[in-house]
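You will see subunit A twice below: alongside subunit B first, and alongside subunit C after that.
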Partner chain A sequence: MTPSINSLRSGKIIYLALGLLALALPQIITNKYILHVVIMCYMYAIAIYGLNLILGYTGQLSLAHAGFYGIGAYTVGILTLKLKLSFWLALPAACILASLVGVLVGLISLRLKSHYFTIFSLCVGLILFLTIEHWESLTEGVRGLIGVPPPNPIPLPGGGAIVFTDLQAQYYLALLCLVFTIFVMNRIINSMVGRTFMAIRNSEELASTIGINVFAGKLLSFVISAFFAGLAGALFAGYIRFLGPPMSHPNMTFEFLLMLLIGGQATLAGPLVGALLVNTVTESLQFMQSYRYVVFGPFLILVVMFFPQGIVGGYYSLRNRIRLKKQAKEALQEIPPVLVTGNTKTKSEELRG
Partner chain B sequence: MELYFQQLLNGLTLGSIYCLIALGLTLIYGIMHIPNFAHGHLYMVGAYCVLFLCTLYGFNYWIAILISMVVLAVLGILMERLVFHPLRNAPPTNTFIAAVGALLFLEAGATVLWGADYRRMPEVFDKVVNIFGIMATQQRLVVIFSALALMGALYLFMKKTLIGSTIEAMSQDREGAFLVGIDANMVSMMTFGVASALAAAAAGLAGPLFLVFPAMGSLLIIKAFVIIVLGGMGSIPGAVAGAYILGLAESLGATVFPAEYKDLVAFILLVIILSIRPTGLFAKEGR
Partner chain C sequence: MLLNTESLTKTFGGLSAVSTVDFNVKRGEIMAVIGPNGAGKSTFFNLISGFMPPSGGKIVFSEEEITGLPAHAVALKGIARTFQTTHLFPNSLVIDNVIIGNRLRTRMNFVDSIFKTSRARREERESMETAREILDFVGLTEVALRPVDSISQEAKKRLAIGLALATRPRLLLLDEPAAGINFNETESLMHLIRKIRDSGITVCLIEHKMKMVMNLADRITVLNYGMKIAEGTPGEIQNDVRVIEAYLGGNEVA
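Entry: the complex of A and B
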């Protein structure tokens, strides 16, 4: 019993330390550029958490994700820029609109399986992209939406206000949303709903035999993933304040996918780790911008070939292996020495098994 | 009325190009269950190949197409060996992602090597012919008839040669093919070779009609996927029918819808058909 409690405690301490670090980051880092990269990572991570739910936990590869990201961003952009609505109203509106489109798309596409679903979702992604690109009266087409206002200032009770032209305020907004996302994801995957998703991932046939409504499960997962893509897009709109159609192109989905795969799909830390790592690397390799995809493409192949669990998944399986070894050793010590002599190898092999 | 006939001819031209690409894609899918997402980019490499052979080295148009078919067949086989063969036992999602990786690599590689600018292939058959009052450039007729000839050749190859029969046997029954001693590796490589050569032929034929640029394959591949989904993935007659349906729908749709929504036609067609029939129009198997 003791080791598990210890590891639980050490886990909590690590999370607490990471949380404090995240809170203190704007005070530690004075370099605006680095802070900007971190904010972008947080936003990407929120979108990738959505992708993680549908791909990692429910096993459906949806390539329409950037489309929902685009919907979120353009909803905020259009509502705040053209209708002069407050950002704080536009933000939930963006999430709701993305989810609603998610429901519609999901109702049609989730009846399809495996490759059919993926191809269909890719077409949906392209339809969303082409609509954004061509609906000039609404989205300004290829010119893009320029000058989206930043989130409205929040007045503080003691006078003064939180102003979002400030990088630090933007940082805390992104962090708050990220924490919210992780919290929700944690609740989902540790609940019955999450287990339903995983059952569907492991085998749709088996899941439906034990009484799971596979379609409803997939739809719920898809809509939640669209919600978080919309949230990430909405934050992006309020932060970057310029929106162009390429952000909703399937290529963006591919980038999300790479970050998720490197971080580790079907893990809670994977999306954040992947977003931070991939963005830091690509930002530091800015000089080879045109070669980016030349490296990126083969890398994607190598990751699925040799490292399909990603960094976090790899860490977990390594830890599990060490733990199993330790348990085997302990089990060995508990057995009276007389029995050990003949059975040593088989016992440990069984446990590792 | 004349406009519609004109668009009909354009639709047939488009359909022929789509057909050659979709055939390769459906062959690969039917035999290995790989959605080869990079197929459209093989088409792009094929187009550059023909372009350079014609302009830089002054080859005859038809010889350039033949050489580029061979080059692309080798490239296709290489891709099968390096990317898809190691992943043959991986979950389908991983294969798809690997194909996306190959696609990104080819497109970026072409941009780095040859620049992102649009190029025009010299027109060989630029005379205009008048058939029953419809004006058509010779190139369009060349496309339509060459595509038919290639389809005929593919049919003969599949039915009359040993390699063709093994490919067909694999697509009909994988285990059965193994039982009679068909080498899966050989068949996979051959399929990729044939499919890529078809893509190169399509690129060479379409080249003088359209522009050549690194991203030319990305929209096309999705249309090709729409076609093979329409035709029931893995079905060869389905792919041919789907290709002409899409080609005609696009060109006739252009007379009804504004031009900027032209590319949406394919996807909307797919959405409608899949909403009604989730397994495609000519489904080969209940999937």
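Entry: the complex of A and C
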């Protein structure tokens, strides 16, 4: 439905307010630990936006996502630590490498459909993890890459520089990348390209009869999703500065998936909401260690049962229902009483004459 | 001749669902394919629209061989189809269903959509205009912004035809368009099919409602056990001994 001008304005104001809040956050929060949690949320969110494109909008559940996240991270780690390359060159290289691997994996795995694709992608994810774990000469194996340098300082025109050992600088870097990700996703989803993805999700058969190359569409979506997983991994490497193989394990994919499902797949806000919410809860349940899944398990079941589109999707459908009810009420008041009681001719009959 | 098949054959294991069918559709006509249940009509449509590769034979569309092309490539050549059970994109608005039908006439890629290039803006606008035009043509402008799940069965049928039309086809294949709708609605559906033909699109349909077929079709092809047993005008078909046999099953037809 076309939103009224008022609601459009109020929507813009909300986005503006959220943007300002995000910008001011490091000034508001003085607790370094909380800021660290928020930075991690942003990085996860970027990876989850990728997963949202392939799963939420294109309908293909890929369990290889953490593999691409690992590729992004290790590319930055190896290029900056071993080859002394600048982080600012390693970052795009990481995204490109993740995308290229995405093309190769996609070309093979997307020939399979639905569950078969998912199972195959799980194997791919495991292979990527095992490669990282066992290619010791390159990745240092289980010892991990220790001491990845932080992003190189950016000199400022008036002397001085932005130094990335500083938490606030890291925060703004992550925020910038997150905004870039949301911007790109928003543009793609609200275009014919996004409609193509959604057509494939809704019915592959029908999509192909209206001339959509289903395989090419899935491949494109898969590669873009790998790109953003790579970007998230690259940021992670420059921030945490220690890389171990577990970050690329399928377990990590399931963490992403949990955040996406709770936040709301196929919604633009879902990945961010999911990442913020799940991580905040995770951090506050730290004392429970692995038992925290005792909390998450039932919670996930409740969400899937009552809000299959996650928290954000649930909010939208609730809002729509209220709006429809209001419209129906107004429509009833507008109809003259004669029509309501006497005339039995339906509206469609009237139209046909 | 718009569409030609030469000894088109499809076998599943030992069973031949379609065997050596020579078939043609002339530009601008309404051609009907009829036959008892299991005669291979839907398989025949699946072969033409590229859903299944044929086991043998040839399909020529507007002087170009399209045998073995995948479904999306066939659509690009100008053949659109609907399904027996109404296929639509669920969980979306009526207009969204039709907008995507124009995708194959657009060239924009994801880079265009990220940068909102002039090509992207032009093609988005064109797709929207096409959709509005098509909804007007099939009489669904009123419900354009309604969710698909909330419109009537008859409106869904029209929408499925609208989606096929949005691809700007030269040949429209309709697989039992009148299945599951009542008498009055059949009348208005026939009106719509004639309107489609008059707009310059050739129509080929599978249908079981004989009254509708006899009223609507310029020519009829009859399939039985995967083979073509007759072809001709409705008048010729009604009096064809083999057709009556196929439908009534007897050889004692007086």
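FYI, the second predicted complex is superposed on the first by the 324 of 353 C-alpha atoms of A that agree within 3 Å, B and C clash if a C-alpha of one lies under 4 Å from a C-alpha of the other, contacts with A are read in each partner's own complex, and residues count from 1 in each chain.
Here is the rule we go by: a contact is a pair of C-beta atoms (placed from the backbone, for glycine too) under 8 Å apart; a residue touches a chain by one contact, two chains touch by 3 or more.
All values derive from a computational prediction rather than experimental measurement.
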### Message
Which partner chains sit in contact with A:P298 here, subunit B, subunit C, both or neither? Use first/second/both/neither.
### Response
first
### Task
Have a look at where A:L206 lands relative to subunit B and subunit C in the superposition and call it first, second, both or neither.
second
### Query
Once the shared chain is lined up, is A:V184 touching subunit B (first), subunit C (second), both, or neither of them?
second
### Task
Would you sort A:T165 into first (subunit B), second (subunit C), both or neither based on which partner it touches?
neither
### Task
Pick one for A:S10: touches subunit B only (first), subunit C only (second), both, or neither.
neither
### Query
Touching A:V214, do we find subunit B (first), subunit C (second), both, or neither?
second
### Query
What's your read, subunit B or subunit C touching more residues of subunit A?
B
### Message
So in the superposed three-chain picture, is A:S86 touching just subunit B, just subunit C, both, or none of them (first/second/both/neither)?
### Response
neither
### Summary
subunit B and subunit C footprints on subunit A meet at residues none
### Task
Spell out the part of subunit A that touches subunit B in their complex, as residue ranges.
55, 59, 61, 108-109, 111-116, 118-120, 122-124, 126-127, 130-131, 134, 251, 254, 257, 261, 290-294, 296-301, 304-305, 308
### Message
If we count contacts the way the header does, which residues on subunit C are in touch with subunit A in the complex?
### Response
49, 51, 70-72, 75-76, 80-81, 83, 87-92, 96, 99-101, 103-104, 106, 108-110, 112-116, 120, 123-124, 127, 139, 142, 145, 152, 163-164, 166-167, 188
### Message
Residue numbers of subunit A touching subunit C in their complex, please.
### Response
1-2, 184, 187-188, 191-196, 198-199, 202-203, 205-214, 220, 224, 348, 351-352
### subunit A partner contacts - residues on subunit B that touch it in the complex
29, 33, 35, 83, 86-87, 90, 92-94, 96-98, 100-109, 111-112, 219, 222, 225-226, 229, 233, 260-261, 263-264, 266-268, 270-271, 274-275, 278-279, 287
